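Shared chain: subunit A. Partners: subunit B in the first complex, subunit C in the second.
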Partner chain A sequence: MLYFLGIFQTIGVHTLLGLSAYVLLLTGQLSLGQVGFFAIGAYVSGILTVLFSWHIFAALAVGALVAGFFAFLIGFPALRVKGLMLVVATIAFSEIVRLFFFNLSWRVEVNGFDVGPDSTQGFREIRYFAANGWEQTHVVALIWSFVILVMFLLWWLDRVRAGAVLRAVGEDDLAAQSSGVNLTMVKVAAMTAGGVIAGIGGGLFAHSTTYVDHHTFTILLATFAVSYPILGGHKNVFGTLLAVIFIQGFVIEGLRFMGDYRNIVFGLLIIFAMNLRPQGLVDGHFISDIKKKLGGKPKKDSADA
Partner chain B sequence: MNIDHIDVIQALIDGILYGSTYALLGLGFTLIFGAMHKLNIAYAASSIAGAYVGLASISVMAIPPILVFFIGPLSAGAIGLVIYFACFRYMPTGNQLAPLMASIGALFFVDEIIIHETSGSPLSFPALLPDSYFFLGQFGIRGDLVMVMFFSFVLMGIVMFLLYRTKLGLATRATSQQSVAALLCGIPTHRTNATTFVLAGILGGFAGCLIAAAVGVLSPLITLPLTIKGLIVTVIGGLGSIRGAIIAGFLIGSFENIFLLVRGVNERDIYVFLLLFVFLVFRPNGLFGTAIDRD
Partner chain C sequence: MLRLSNLSKYFGGVRAVDALELNVKTGEIFGLIGPNGSGKSTTVNLVCGIFGPTSGSIELDGVDLKRQAPHQRIDAGVSRTFQNIRLFDDLTVWQNLWVAWRDAPGQEHSWFSNWFGRSLSRRHEIQKLLEFSGLGDKSNNLAGNLAFGEQRRLELARAMASKPKLILLDEPAAGMSSAEVTDLRQRILTMKEMGITVLLIEHVMELVMNVSDRIGVLNFGTLIAEGLPEEIQHNPLVQKAYFGSSENTSGGDTNAIDQ
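== the complex of A and B ==
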């Protein structure tokens, strides 16, 4: 049972990570920087609960805000360029963050123990849940309530004007700009929202694993983050969740007997998926096919872009 | 530690010599970008993989170690061709993100195979010129790095010659400028793109071998930093600009070595990556990029 709870935790955290990349993908931007915001959220909220004995919710909120603030800052220079250059810029950003935490050493004595980030040794003492009598089911419930909240907000976003604006920028930013959309504002807003979501995910990750170090936050995790919405397709938030369940539940956990061949499989999977369905596995046709099978009327405007 | 001007100049010399390998990698990235307007993230990984194949073949077949500098580049060229077909050939032309994502998949595929085959441990690589350290006035100069720089210049010369003096180069440049018009003029654009990938792969294989020879070991750990630095060289030089990539390679090499001297090896890369943001803010098109190159 504990094993399955652990998988639920991982899937929940990775869904938040995937959704943070999904928001950016709506505006047509591919970012490998989500892992940087995730790392900021993890370290900041961990430092707040461990070194300053804050409450978990306050720490998560501040972690998310700090991550969002950095996303906001990164947004401006990175968005002067778009598309491919943004990918390069965000890779560089997440490596800067990783190297910063690789070098960060901040040891403080709390209740007779030395705690805090210890550069290469990692940040080992994030035991808020254990120290405050949370059971693992409570932790899973906390993570999933955040997942459901974020998924609901993004689902709702698709039904209001702001969502239409985001997608308009994603489909054709020139056309969106000529109909009066402020591109910089929309893109920086999406970047900030992505940063906040990744920051919450990072905070939950740090507290549920009790230990983080710089090895966790590599480009591999950043690739996982963008591969969820890309494999799941950016037409629908549920695609991201399905992709996380498929990759974490099947490729990583289900194929555990294959040992380190799994990472090779992950690489091949991305190559195959992109060749077979460049628009993502759950694209517009797929959704309308399902709707047809369920007897509902397919939406006319859901054709592939 | 006291740093005087001698140390700084020494660091600059080493950095510029070593930077020639970054220039080669940046040149390869920029060739591929110039041809297809798409980024091949797996490029540095395939270059290192080529060096690995070269190393494996000299240790299995007991041939002279110098042959690693022939087998390595050739196999990197072959890997480049495979990556072209796996990640670029059958993708929709207008879609930039799908091939990019596929090449990230290829990066992990290549990297994980290397880690799997070598158990992740570094292997020693034959040196180009062992024991060739000499002094030029007060400054020590590594002879093998001079050889690295020499070979880099020879390769850059060959690439320039191929691009600007041969029919193949004409076809490549035509495809790069307007692939539809090039196709209408009877240029087989797919074959031209494949040739560019092979050419860039060979270049990268040489860069991989030269880097491994200069460092002395080959390790899967160097692929990601090389990928990022190669990309940064490409962006700082201006996407698609060949002389920009070469100059930016030397710039990154010397910048990196100065910060290695001042801040140590753990923090060095932070400043190199921050340099990218400085360029994105003040010169988003890079040193020599034109406005058209901007996406």
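== the complex of A and C ==
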């Protein structure tokens, strides 16, 4: 039972991470920076509950806001780069965040124990849930409440004008701009929203696993984050959830006997998906877009003739 | 209405638009013609803010547009269509207009309901614009699945959705059959009746000669002639620019910039 609860926990956290990348994909921005915001959410909320004994909800909120704030700041320079260059720039951001936490040592004595991030040793003993009598079922319920809330908000977004504007920007930002859309506002807002969602996911991740270190927040996790909405299709939020269930539930857990070779399966899966279901598991033309962005000829990037 | 004075845009050493003086009067249909690479599309992109000018000024009803971002120019009352159709293919027909929609003065939605409202009242108005554009029964189709002529009409409707004072049409008749051109001509005249000023860039002479109140001719980024359609037709300078002479072979290099 505990094993399955653990998988539920992982799927929930990864869905939040995938949804944070999904918001950006709507506006045509492919970001490998979500893991950076995820790490900020994890460390900030962990520091607040462990070092300052904050309540979990306050810590999650502040973690999400700090992650969102950094996403907001990253949003402006990110406007200037597109496609592959944005991928490179966001990888660089993720690495800066990872290396910052790799070097962060902030040890404080709480109730006779030294706690806090300990640079290379990682950040241990994020024990808010255990210390406050939460059972694992409660933790899973908390995580999934956030997943459902975020999915509902994104589902609702597609039914109001803001959703149509986001997708219009993703399809053709020059045409959107020429239709009166403020590109700066829309892209930075999407980046910020993605940062907040990843920050919540990171906070929940840190507290549910009780331990984080810099190894957690590598490029592999960033790749997972974008591959969920790519594999699931960007037509609607449920695609991302299905992709997480498939990858985490089947590929990662189901193929555990293969050890680290699972990651090869994951890579192959992405390649097959791009070729066999370019519209994603659920729907959409988006993969071909990404493929164009990553390799082929640029799509309508120059000013129109 | 639209006044371009001493407007220049250089791309490196290429003078795509060179000290251009142009004055479009309120309520008229102004045709802008010229050989390939003469700077027509660059002029549109300058007015819309896709490019910043190297020098000169762009005024709309006395308001300087130069410092305004492209989306702000929509609010100032300028909208456009593209030479190569640029719709939001994965959005439905009516969503294409919803994105570009601006409420009529006095009927503005609040900030929240503008962005996060379902705006069923707008849907009604959008439907009216679609019916005007002959797309009334296509409102839930994906824009990318429309036929070519329908896509042109949708782009025109999208340009009207922002309630512009001035519409820039960049070769709207490109690739159209002659029946479609006749239909387009009627639509442009209707826009004029609605009080919209039109700057029409066009190669299809059948359209531009029949619909324009005045015509300007661009060559090498400057206006070489301006006048009534019949004057332009018989202007020797214009004929020289179009049919060329040995020292006047336009197009070629500058064409790439114009694209």
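Convention: the second predicted complex is superposed on the first by the 282 of 305 C-alpha atoms of A that agree within 3 Å, B and C clash if a C-alpha of one lies under 4 Å from a C-alpha of the other, contacts with A are read in each partner's own complex, and residues count from 1 in each chain.
Basically, a contact is a pair of C-beta atoms (placed from the backbone, for glycine too) under 8 Å apart; a residue touches a chain by one contact, two chains touch by 3 or more.
The structure presented is a predicted model; accordingly, all values stated were derived computationally and were not measured.
In the superposition on chain A, no contact is made by A:L51 with either subunit B or subunit C. Between subunit B and subunit C, it is B that contacts the larger number of residues in subunit A. Of the two partner chains, subunit B is the only one that A:L30 touches; subunit C does not reach it.
Shared-chain residue A:F266: touches subunit B; no touch with subunit C. Contacts of A:G180 after superposition on the shared chain: subunit C is touched, whereas subunit B is not.
In the superposed model, A:L242 makes contact with neither subunit B nor subunit C. Of the two partner chains placed by superposition, only subunit B is touched by A:N275; subunit C is not. In the superposition on chain A, no contact is made by A:V251 with either subunit B or subunit C.
Of the two partner chains placed by superposition, only subunit C is touched by A:A168; subunit B is not. Contact residues on subunit A toward subunit C in their complex (touch as defined above): 159-162, 164-165, 167-168, 171-172, 174-184, 284-285, 300, 302-305. Touching subunit A in their complex are the following residues of subunit B: 33, 38-39, 41, 86-87, 90-92, 95-102, 104-113, 115-116, 224, 228, 231-232, 234-235, 239, 266-267, 269-270, 273-274, 276-277, 280-281, 284, 294-295. Against subunit B, the residues of subunit A that register as touching in their complex are 30, 77-78, 80-85, 87-89, 91-93, 95-96, 99-100, 102-103, 218-220, 223, 226-227, 230, 260-261, 263-264, 266-271, 274-275, 278-279. For subunit C in complex with subunit A, the touching residues are 41, 45, 48, 50-51, 69-71, 74-75, 79-80, 82-84, 86-91, 95-96, 98-102, 114-119, 158, 161-162, 170, 258-259.
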